């Protein structure tokens, strides 16, 4: 039972549970990054993997860790294609709402609001000054609703309030994720048609941001920005048990680790020291991808007007 | 006709139009600051002053310009009393929504979002973990809806969406203002029961954030953070005309000034060079005042829990 | 006597004093921007223009005001060429010190520190891990010494302390400037071999950052970020006097303006409202230009390693 | 041999080596915090503890983790007393240089520069406008020299350059530390008369910031802001070995852990998620303490003038 290891990535849930039925998986490798597509097809698989049924596309680019500029651009383009594909045949005049989840003031949690700031918004231009653009473009708007601890309002209440007024045809939500492997921080991007559940703090009444709840397709994009300290210690123990003859004691070790961790490391996160720069870079990669995916051939015209 | 001089302050509209009927006015001076109360009582006065009918309380503390710490605290307390008085007999269990208007990324326009960040929010604590506080406290929540140019959504649409979900009994809105006198930047605070109209940019279809539109009392708090460059040049010309025998030419001068200005200075603002520090200070003064006014005797307990 | 109008730009001093001898001037126009070269060749001209003898190159790109991305890149490249030309035949193994003057916490004064942060520094790589680069590159280092009011130390004392230790062959100093025309804010870049004098505040004992004082060539790069409010009002009066028959009264007007201004507008600056974004953009343009000029064909290799 | 566990705290070195001779230790507990004084008195003890000979005062306030405002103030005052005591009988007209070490752009490393910004600097006031204060005050200046990777210049070269010009009688250096226990992040403050050695990156030629090197007393103040991920995993293993019968295997486990860690976790740090807020709070606590310690009865006058 590896379920006590927390991960937001379907790919990692799958790694921990490789033999479960009801899951299809397919991976393409290109130079610089790999794209894997995991489809959770049955309720039972969803329950076991602790992830809703649906499609999870993961871009994995380990070389992003050293922050090479050309790879940023390449990954942006690849991500743009995946977003466009997942969005399907959206009408030209569709309205798209981008929702940047998380807390701008907490760096490892700031990915969503940072992306939201960089989206080329056009809904008001179409409405109030359409002549500013050579032709009508897709209506895009972008909000960062904040987090419960800062606003006192459920994130979903705010999002629901906004969607009732602007009636989007598609929602794209961005959030920082937790993975179980430190190496995936800032090098992996997950895209899913199952939406997203913001935070996991006070109370449990909050509902997800997903197509069932909102009645329109919801694409969620996330990047691991932290590993919970508890998880990383467990990873160390697993690796040790693998390499020693202590396998009989692994469970004992794990129980002890769990106890030690809950006593002393509970709320800590593991994060690279330069998380500020990473959050900036990755928000740029994702915002570029969304802008490219939504505006396609209008991209340059919109960019000129907005950026 | 002084109407071409733009000001958000009722006190300044009044100065420019001292002889209009339907306005009552009263001023108290204390050491350190003055409080003036202007009541616009007739439609005609409202039309002439270009301000809605209602009460405008202005705290004027010129000494704030040199940023003395004790005066900050004193002004906060005085403002707290005015807010409490204007809010009237709000039930203990009332829900209050604080709305920080403006653009966080543009310093002279960042007052509202900065205040919103500093509000002690309690609505979620009352709802999800009431045991964290020794007794129930007022439910306060706080949002910064962003601006049209960044979100693509009318500010009022977002605020309306939020209020429909949380049904506040009182709304307090904060916004940066423009005055016609540079000396009032950061030294004057206006409080009004007439609400606020955010921005004045694209289109004119946006509606105000006021009690008529939202069905609950709306208190607006504002501080001048800029003078439009056009206004400041006009002020110079006025002063010159006052001091010369050129009075006959004043109108001619003014017309010329208007022309020169619209050609070359249009969108510029005049602001103190240390506007970053000023925005930080004044957001603290106002947030403290709101927190004090809303939590009263619970202030210290809430502060301990939240800050 | 136009000397009461303050400007850091030699080009503007020249405009105000077009008939002075001892100045040569030459302008090239290309699409998007103009380059003018002013050489102040005599002591008398220097005294009258209130600028030291030497070469002043000004890039003027009014279209930068609307922030078009391709023009940023073009101006960066043009500026890189001017820097390289002014630096002359620097040995390959020369050490270059970039000094970002100004106060990071005051947006209109933050250009220098922002540029300093973006410089690709290599001095320590050459010294401690030369193997990280395929071949030796120029040794570049970069400091932001802060301002007197924040450090309590004369900027020049700090710069002198640093230069005594690293013994640079060339110093490049960056500072925010004041111009007399609002339209030049963020659209004009001045490059000069006469160095720079930081600030003009407390005391007058501070010495300049120039080749006489430091014994090596000093290139100063500046961009107007503000117009003093006093200047802008004078500009309005000048324009008015030009257009009216009030010319006889111009001096009278100007005296009055000076009085009015010193009473009420003294320390204020005029600045575009989006100065935060402008400071970010222009620091990028200038840092890119310096990086290009210093690393030339090594630019891409260094960028990969550093950025 | 616990030496592979990295810590900047003498108190933790001592905990790991409780039986070493040549160390005296004394602890006082008050409500809210404890103060321990460790004196390393012999070369041998210094070598074994991997800390220079001298006095280490540690304030330990576990309750700071929940950020209670009154405790901040109390700890500031206690720290001020310790600083004043360690500084000894400094002449009234002495010059004090505060040096904020670290990288402002990396949150867990930003403590030093944040403190430097908050110091009340007076050296230039004494020099250029002594009449601004009712009586002469101590001359304080404050610099944040940046880090090698950003400036290309050894931190110590910059500090040396500055000190040669301003000739301080006392240096106070502030830096973020690493501890071996997550619980000490932001709750422990170490004060030592042995100075500080910034960073531990490229090369090993850099010398310390200490009284031997600079010829004047150097007080170093540090707060743990991170635990290296490697350390935290080792801590988990130690605790496990303690609680199991696996003690015979502890060394084997530790070797494996070291291997696993160097492969996968090397450069990561463990940090609380709200490190941004913590860095802000603790920089305020330390700067207040330094300001109090240096200005004593002049504190309020200086604060009025400077803050």
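A, B, C and D label the chains in the order they appear, each numbered from 1.
Keep this in mind: a residue touches a chain if its C-beta (ideal position, glycine included) is under 8 Å from a C-beta of that chain, and two chains touch if they have at least 3 such contacts.
Treat the numbers as computed from the prediction; the structure is a model and nothing was measured.
Considering the contact criterion stated above, the chains in touch with chain B and with chain C alike are A, D.
In this assembly, C is the chain whose CA centroid lies farthest from the centroid of chain A.
More C-beta pairs in contact connect the chains of A-D than those of the other pair, out of A-D and A-C. Computed centre separation for the pair chain A/chain C is 43 angstrom, with centres defined by C-alpha atoms. Our note on geometry: chain A versus chain D, Cα centroid distance of 37 Å, whole angstroms.
Chain contacts: chain D has residues 105 touching two or more partner chains.
Of all residues in chain D, only 67-69, 303-304, 307 touch chain B in the complex they form. Within the complex formed with chain A, the chain D residues making contact are 105-109, 181-183, 226, 229, 232-233, 235-237, 239-240, 243-244, 246, 249, 252-253, 256-257, 260-261, 264-265, 267-277. Remark: chain A residues 105, 117, 121-125, 127-129, 139-146, 148-154, 157-158, 160-166, 202-203, 205 touch chain B in the complex.
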